[in-house]
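Across the two complexes that follow, chain A remains constant while its partner is chain B and subsequently chain C.
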Partner chain A sequence: MNAMRQRAVAIAIFWAVLLAVLAWRAPGFFAGSNIRDIAVINAPALIIALGMTVVILAGEIDVSVGSQFAVASVVAGLLAKAGVPLPFVALLTAGAGAVMGGINGALVTWLGVPSIVATLAAMAFWRELLRWFTQGAWVQGLPAGFQWMGFGQAQGELAILVCAALLFGVMVWALRNVQAGRAVYAVGSQRESARLAGIPVSAVSFGVFTLLGALTGIAALLDSVRFSEIQSGAGAGLELKAISAVVIGGTSITGGRGNTWGTLLGASVLAVIAPALTFLGINAFWEKAIQGAIILGAIVLERVTTSRKMKAHAR
Partner chain B sequence: MHTSKYNRPLVVSKAVAAPLLEAHGIGKRYGGVRALRQVSFDLRAGEVHALVGENGAGKSTLIRVLTGAVQPDEGVVRLDGRVIEHNSPHRSRALGIAAIYQQPAIFPDLTVAENIALVNEPGGLARRIDRGARRAQAKELLRAIGAEIDPEREAGRLSMPEQQLVEIAKALGGNVRVLVLDEPTASLTERETEKLFGILQQLRERGAGIIYISHRLEELGRIADRITVLRDGETMGTRQAADTDVRTLIRLMAGRELSAVFPKRAVKIGETVLDVRGLTSAAAGIRDVSLQVRAGEILGVAGLVGAGRTQLAETLFGLTPADSGSIRVAGSEARIQKPEDAIRAGIAYVPEDRRRHGVVAELPVRANATLAILQRIAKGGLLQSAAENALAETWVSRLGVKTDGIDAPVSSLSGGNQQKVAIARWIATEPRVLILDEPTQGIDVGAKAECHRIMCDLAEAGLAIVMISSELAEILGMSDRVAVMRGGRVTGVMDRAAATAESILELALG
Partner chain C sequence: MRVENRAGSERALAFLIVLEVAVFAFTGPNFFSAANAFEVVRLGVELGLLALALTPVIVSGGIDLSVGSMMGLCAVVFGYLWRDLHLPIAAAAACTLLAGLLGGALNALVITRFGGAPLIVTLGTYSLFRGIAEGLTRGVDNFSQFPPGFLYLGQGYLGGLVPAQTPLFLLFAAFYWLLLHRSIYGRALRAIGFASDGARWAGIPVNRRLALVYTLSGFTAAVASLIYVAHLGQARSDAGTGYELLAITAVVLGGTEIMGGRGSIWGTLLGLGAIVVLQNGLRVSAFPAELAGILTSAILVSTIAIGRRSVGRAAAGTAVTQEDGTEEEEMKNSQLAVLSAVILAGSLIVAGSNWWLVQSVRPAASGGAGSAVPAKRLTLAVMPKAKGDPYFVSCRAGAEEAAKQIGADLIWDGPTDLDPAKQNEVVEAWITRGVDAISVAVVNAPGLSTVLRKARAKGIKVLTWDADAQPDARDFFVNQATPQGIGDTLADEANRIMGGEGDFAIITGALTAANQNEWIKFIKARVAAKYPKLNLITIRPSDDDRNRAFSEAQTLMKVYPKMKLIMAISAPAVPGAAEAVKQSGRQDVKVTGLSLPNMCKPYVKAGIAESVVLWNTGNLGYLVVQASKMAVDGTLRPGATSIDAGRLGRIGIDGDQVVLGKPLVFTKANIDQYDF
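Right, the complex of A and B next:
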């Protein structure tokens, strides 16, 4: 717990320093519209990162969320085009995500495929299936009620932020207060102990993938409504962004330790880097390098603190 | 056969004056536990020296000291009269000391030849590999011991006895001077055992010394020149095998009186709570086990490591479901296919490996104590923190868990207190039957006495307790009845009054 907090504090300090530099060199960054833009653009990634947090806490990983996101986006677009009312589009898109996540979960849980292998296969499969299905074409001619969920831009953006905030609140609360949340931690930290304690470990593993899929579906919808057409290549690289946010946020990559507050911090740090570079007039080329350095730093910090803790324990 | 004297050994060892290998005044502590105390042991060239003792007597620790796998706190090891400084597995190996452990230490994904080469080829990690020479050497070594194994086969695909032979070939490769065998015949058939004895014969003729650990006391008469008995980390003397019978060995191994005092209280014994009949599980290696445990009773389950005690517990708890037989709890038939079924039937299981299977180190005491009863502290899937805290507080104080509070991570607790948390988790399920697997292994004396007190309290409260233990004193001190297991079967059940260390060992060794 302590090591985790230490890492979160270190990341928060980095973030604060970055913001301070921005306030000094480029105060324009803090304009309301800019902050709002950054938040809206990154809300879907945060929602996926929330699901990813749960998957990683349970000791698994899912690298197929980028492809799931693309499939879900196209599903949402086609449903809207077919005249399905928006609430049902949302439900069906989340459902499509849940099915894709559930397939990952089934492969991992009942066929015993390691999660990195199963989801790597799923990542390629869904991406290629979509390419074959759409032939690379974008979904165009979306009905008027689809963009900004029919609210208009200002209110539509607000709606996206409210959705993300609600999901975040629910996840924070649920991981602490719902029986299943406790089970996720137990399975991720000591699977065999959890099994011996009568926790349905298979259901937990299956469940976390399904939940991530559903959240990915919702994220895809919230992202799609920002545009007048839907790219079939959406969501590329999203899995790395989500996993990075979780890891930077202090959740142990081997499971069992961490929380969604950390993930919010991680997602916020990642969200700010690219626009901050732009505002500071630094070549955007550095974005990935800085991201990588932060992730590496976070993990090294975890190693150092846990190994010190273990040594103290051995004594 | 127990009273018969051993026959003369087949071969009379060559008389050699100075010992080949000598351990002098070895002492070793693990935490608060004294594993070895002033142990001295010597091995002559051309001799087979057997080492016997019950589980935990210190045999393995002594072997590990000899091979440099652990460093003794005091005492020295000499080879040819010269002290081995800075002993390590690598160094002892270079000096010609090789060990073959009960579980073959092979690399399953490498070929037989690669396995043999790994320890025998000279040079560092950067050396170039000569595959032809490697294969030829492996072939040669395998032929020397009469094993017909293709050096190109993947070692993981070999049978257990074949792996054992590869281990022997490996040990012979490095011009071995001292060979340590830890229960080498445990997995061998009679014919393979004969073959092994033949190989040992050749080795001793070459002037090597052999340290031979075995629970098959009867075979020692054929193979050993001398026998040293260890008990509680001390040597009980070294004897000529020819002048020693099995009964004497068992008496030496068991000792006469209990070394510790147990807080065993007589409590009211009630109805039969756990009634197991003809329980068989091929996956677990359990055959036709029948047991009854009554309310308030502590049934001790004794036996050697590998006798099937833990497997029995796992079968009762649904981890390796039974193929046939019945389990009745408090009179009603329990169909147990998975742990959830066992918990529902009122069976609780505190497993042996506390760190890996007992507590969840990263979760706080509170969450650990309530992990098996999440259903009960949740309403509609929501955890009721007030109920959870109250329950956790209750058990922490009832069992006397020493912790900074219920929110402290379990990893911050001492071993004995972790064990209390593991027990608390299961008592919280309000079970009828509590299975404890090695409940006091590796915890200090004070915490041990407390665990025993807790067991008595629980028995008094009407639980039926099954206590698996490798410690004879604990079995004798805490049990109302003792069941002894060997080879997956129960070989005998005795009342407290009738149970003695000798009678238990006789049933366990067969």
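Right, the complex of A and C next:
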């Protein structure tokens, strides 16, 4: 636990420094409207990162969420365009996500395909299938009530934030206090021990992928309702963003250790980088390099602040 | 059992390759020829080098996601050393290899000394290497005009037939085979992959061995990058984008266990073969490019699933595995059965879509202008910059209309991502197929020109459209509007909307996008020359993602409160930026840019996007197909001053350019007249 906390602490220090620099050079960054906009834009990514946290805690990984996100967005758009009432659109979109996640889960649990292989295949499969199906065309001509779920902009933004906050709260609570949540930690720590302890390990593995799929579906919908048209190529690179948020937040990539608070921290750091660079007037060309340096820096800092013994164990 | 099992999966893969060759020999003209076989080898070398390097990495239980980005970094370093520091080409290459070694050593250092998990560490360097490459070149720099001796490495033929990079590849394959299968290092890597603690207790220097494979991986990526640069004739920061995933796919398909401990170089070579043959075969057969991804993933999952199931079954039986051969046989048969089923399903999809394509073209031919139909149906190949880009989707409608009218077969295919090498591969496949004319919207002029010259040498008419290649690489350029025309029009619009003075910002596509960078150059030039009171404050990327454009625009409005205009020059970026302005409620910020009218209609009508600039994309596609047909039948030849382009009437020719006309400016007043 301690070793992983160290990474979160290292990241928190970095984040504090970044915010301090912003406060000094560009105090406008802390305007309420800016914080709100950044939160609204990144709420969907946070929701996916939450699901990714659970998948990684269970010792698996899913690199197909970006493609799932694109498929779910188009599904949501087509349903809304066909005149399906919004609550059902939400339900069916989450369902479509759950089905895609469930397929990953089935491949991993019952066919024994390692999760990185199964989801690598799913990533290409859904993306290419979607492109073939839509030929790149957007979903246009959505009903007027689609944008902001018919609430109007201010309330719509609030609704997105409330959804994300609720999901986050439920996750924090469930991972600690619900039997299934603790089973995820158990399976991720030592699968064989978990099985011997009577935990249905296959059901847990299948469940985490399905959960991530459903959350991706919800995220896709919450992202789509900010606009009046739906693009068909959304979510490229989302998988890396979600995984980065989770591991920056201190969750162990081998499973069993970590928590959702860390993911919130990781997602916040990633969310702030791009606008922060604009506020500080730093050239966009260095953005990727800075992102990479942060990940490496976190690892190095973690090692520097941890004892050698802990490290040997963590590996 | 394990050895047997692997041999089984290698047999299955070999069978798969044979099956692919059989299917494509049937569907793809000239697929089954020595020339194409060597072309396949050439296409596989860069990817193959990465796959070779990744095999020991994965066997040791790790992974290296940074190899594709490393190619981008090395390409830039190489170009910089050679062109700007004037190093001799050999010295520049040596330094580049050193850079690869250092990059690999960085991975090794953080993994072994700082105990980072390989997946996270290389995820970090994946961003870092690409980021440094983009930062060094500002995304724009494109190093080209390398000496012929160097280009020979990537484009030449030994003895007129064998691609020049083949021996180097075989050398690396042999080296990695020795390393993994015939040395104590390979055995150590396996042991580490099975259980790194166990290996350490057994006296294996785990960290040193791991450091070796990651450093070698960086070095090999640098070699792959040099070959890539020689192959394309240009070095840019986006070299090797997405190669890491394809290389991992090849390794895993080849039977290497992703969790470590098992794997073979033979398997990797077979896996690589299966992927490269599939890609080439689909292109030569003119099947949609999307199929490559779909089929590869289906094959990958089914092979691994079968392998896993048989291992699982054997392990679940008894602790002592029974080696009586019957189960082995059964397993092999089931593998072959499922693999065949996958391929069969794939070919059925392919056959179905092909039939559908033929059906959709045929009635038009009989209904077309009877006497104008030539005896032999022409095959006209047209390539967009990217498939799935809404701009090119709208061009396609016009192209298909024209193909129907003249009764020709239209092949419309191109890259599905931003990988600059893809266009070359598609053109190569078309040359093999033997099409009558090739028309390309060029992404990278220096890179693509070499292969276009090759097409011309084979008697294929070559046209460029949307963006030009080097003039001697094509017969005609169908010019909808020059980059200068676009730049000028956008700058003029900016001046008009802003009333002659003030700040504006540009939101572009990807930072490395060649065409957008070209436009930006002319926008800057025009502003500097004619509108000194306009001030370009910053350029932000959108990666052709509407949502990213939205958040960039939102931030820009806060950081630069006096900004009066956002100029978005990527089709999805205009609606993204306009939505951000709309949601902010700001009346004093306007949006203009280059985009499709349908996408922007709501914003133009609401007065947020003051205007959108574009030409008639449907007409462009239509003209391209008309012109390429006329180039084939000789109506369009050097010296012609105009052509009769069907429903477009007479179109003027200016030198070697077919000119569509000026860009259209869509405003509130006229946007309803257009539907694309």
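Criterion: the second predicted complex is superposed on the first by the 299 of 315 C-alpha atoms of A that agree within 3 Å, B and C clash if a C-alpha of one lies under 4 Å from a C-alpha of the other, contacts with A are read in each partner's own complex, and residues count from 1 in each chain.
As a working rule, a contact is a pair of C-beta atoms (placed from the backbone, for glycine too) under 8 Å apart; a residue touches a chain by one contact, two chains touch by 3 or more.
Since the model is a prediction, treat every value here as computed from it, not as a measurement.
Of the two partner chains placed by superposition, only chain B is touched by A:257; chain C is not. In the superposition on chain A, A:186 contacts chain B only, with no contact to chain C. Touch criterion met: A:178 reaches chain B, while chain C stays clear of it. For chain A, the partner that touches more of its residues is C, with chain B and chain C as the two candidates. By the touch criterion defined above, A:200 reaches chain B but does not reach chain C.
Shared contact residues on chain A (touching chain B in one structure, chain C in the other): none found.
By the touch rule above, chain A contacts chain B in their complex via residues 1, 176-183, 185-186, 189-190, 192-200, 256-257, 313. Taken in their complex, chain B has these residues touching chain A: 317, 319, 339-340, 342-343, 349, 351, 356-363, 367, 371-372, 374-375, 378, 381-383, 385, 409, 411-412, 425. Within the complex formed with chain C, the chain A residues making contact are 26, 28, 31, 33-34, 37-38, 41, 61, 107, 111-114, 116-118, 120-125, 127-129, 131-132, 134-138, 140, 153, 223, 226-229, 231-234, 236-237, 240, 243-244, 247, 252-254, 274-275, 278-279, 281, 283-296, 299-300, 302-304, 311-312, 314-315.
Chain C contributes residues 63, 110, 113-117, 119-121, 123-132, 134-135, 137-139, 196, 245, 248-249, 252, 258-259, 288, 290-294, 296-298, 300-301, 304-305, 308-309, 311-312, 387-390, 392-393, 396, 416, 511, 538-541, 543-547, 550-552, 554-556, 558-559, 572, 575, 579, 583, 598-599, 602 to its touches with chain A in the complex.
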